[in-house]
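So, here come the structures, one by one.
Two complexes, one shared chain (chain A), two partners (chain B, chain C).
Let's turn to the complex of A and B:
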């Protein structure tokens, strides 16, 4: 059983790695989106492995179902793909600078993670959905209400920003 | 290597990919995709740290749920901003969209 978990973890990690490389490296934005979706599904599998089934379901519902569709709309509405904005590759200097930034941040964080391991229990704990719901309505009710306000405001703001007046300005 | 370290390394890979994308992409949609990658890495790291340590597991899962909600709100607003920019400039290249009014 332990070996099975390791194999599955490796498969998900491979999906995430390949997906994220495709998401940042693809010339076509639609292909980058396919990479992003693969990555999101891989992360959802990792939530499954961590015994957080509700989060895995929410990951698929919110990210793959809502956010990715939104980004596809953005690509479609701005005709970003046919313009070929990512078609010519970035200048070498920009690539080198980006690589330097990534390697410095990744190096520091990776060194910290590898040299200062936390004490783990080894087996992920299970939290039932009832407990999550009671938490949202009990001790963390304020955060729950605030995030609904944030979502409402962002939705209203998006409508206001993208509103197209019929008869001129 | 403990399982927690492995999960943290995967989250680090997501962060690094997102960081590379956001500094190298030249269209706003590409940068939005990179931001989503980074937010996912944050969520995975939070859940792994709360599920595999004696910390409060419920708090970790709720925190990741809030990260997802904020990511959805952020994607909505960025989509509207991208639409406005595309209407005004005719493109979403970051090199073109660099002028201020006045």
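Let's turn to the complex of A and C:
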């Protein structure tokens, strides 16, 4: 069973990796978004492997079903060419900067993982929705409310931006 | 050789059964839809092929399979062919947690309801990809309508489902069905009539069925997002639509109409009967109501369904809490 879990882990990691490379590298915006969807599905699979079924399904429901669809809507409004002709290859300096960014984040994370391995349980424990809900409204109430404030601010900002545009017409 | 795990065997048998029944349901529903349309709108065509038109769906299916597959110039080849497959495959998954009878269920998961809601969201993506990849303005317009409609109608749908989940205290469909009784007055529809109404209307919107079939409105957009699909490319979208109808009707049956509960007859028979009645209702709605305008569609959702669903949810939460204290 453990070997099986390792194989599945490898498969999900591969999906995430390929998806993210496609998301960053694809010339066409829509193809990039398909890559993003593959990545999100892979992450959801990882959650499933960690026995966090609720989180996995929420990942699909919210990120794949809602967020990606809205991103798609935004792409559609830009009238981007389906061939992605508007995408020009980035200059060398930008590529170098991107590489530095990847190496710094990846390096720190890799170093942390290698030097300070987390204490993990052998078999992941399933947390029921009741526990999750009580936790979010109890001990983690402050963080939960703060996140909702962030969402409220972004929503208000979006309304404000749309409002100005309409007045300008 | 190791023994195959029982769970895996169950899932494989379930998947095969689902795949077979989706094909059969597709054939039967084409016939039913043509017959109902024929009677309501005086379209005598489907009465001609075979005794009372039973051979018509077979001819349709043969025609679809035999047609050449085209791809328009300038279309994105990968995304163009990914879209119909993506519309059909997740639907098979949606059937797994449905409790057809007492203990007759492929996948017994605690979060069955959530699984169905999560994976039904992938259907929108296929509409989008199809419309986008076709390199066709009607396709794109259909896709744009599809997004606005799906994003809007998903919210009241989720809220009405959540109200039932509050009452039952579970997201497990088998559990929700078990808590209901044999007779109609023991079903959830008696305690949640408004949620049922909201669910049915939003389900029509989510499955792109008339009177809410704006993404493929043939009189305005030729065929909307699937304009450029021929043969089985179109056939897969078509099958997926019927399969989605079966899923939303089955969920409605399990949530509101007592699932497999019923007097005298065995459970699965009752389940199939209730699902067929709801499907027939959807077919009748399609052929009797004219298509709404797009702004009307959004007004119905944002100004009526959403506030009603939120009010219903708040009231439900209040009474559930009250019942706990009492």
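One rule holds for everything that comes next: the second predicted complex is superposed on the first by the 131 of 169 C-alpha atoms of A that agree within 3 Å, B and C clash if a C-alpha of one lies under 4 Å from a C-alpha of the other, contacts with A are read in each partner's own complex, and residues count from 1 in each chain.
What we mean here is this: contacts are C-beta pairs under 8 Å (C-beta built on N, C-alpha and C of every residue); 3 or more make two chains touch, one makes a residue touch a chain.
Owing to the predicted nature of the structure, the values given are computational and were not obtained by experimental measurement.
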Query = With the two structures laid over each other on chain A, which partner does A:52 touch: chain B (first), chain C (second), both, or neither?
reply = first
Query = Which holds for A:76: it touches chain B only (first), chain C only (second), both, or neither?
reply = second
Request  = Answer with first, second, both or neither: which of chain B and chain C does A:65 touch in the superposed model?
outcome  = second
Message = In this superposition, which partner touches a larger number of chain A residues, chain B or chain C?
response = B
Query = Between chain B (first) and chain C (second), which does A:38 come into contact with in this model arrangement: first, second, both, or neither?
reply = neither
Request  = Figure out whether A:28 sits in contact with chain B (first) or chain C (second), or with both, or with neither.
outcome  = second
Query = Now for A:15: first (chain B), second (chain C), both, or neither, which partner does it touch?
reply = neither
Key: Footprint overlap on chain A, comparing chain B with chain C   = 54, 58, 66, 70, 73, 83
Message = Please output the residues of chain A touching chain C within their complex, sorted ascending.
response = 28, 30-31, 34, 37, 53-54, 57-58, 60-61, 64-66, 68-70, 72-73, 76, 82-83, 128-129
Message = Per the contact definition, I'd like the list of chain C residues that touch chain A in the complex.
response = 74-76, 78-79, 82, 109-111, 114-115, 117-122, 124-125, 128-129, 132-133, 135, 140, 143-144, 147-148, 150-151, 154, 171
Remark   = In the complex, chain A touches chain B at residues 9, 13, 16-17, 20-21, 23-24, 29, 32-33, 36, 39-40, 43, 46-47, 50-52, 54-55, 58-59, 62-63, 66-67, 70-71, 73-75, 77-80, 83, 85-86, 90, 94-95, 97-99, 101-102, 105-106, 109-110, 113-114, 117-122, 124-125, 127, 131-132, 135-136, 140, 143, 147, 150-151, 154-155, 157-159, 161-162, 164
Inquiry  = Touching residues of chain B toward chain A in the complex: what are they?
reply    = 1-10, 12-21, 23-27, 29-30, 32-34, 36-37, 40, 43-44, 47-49, 51-54, 57-59, 61-62, 64-66, 68-84, 86-87, 91-93
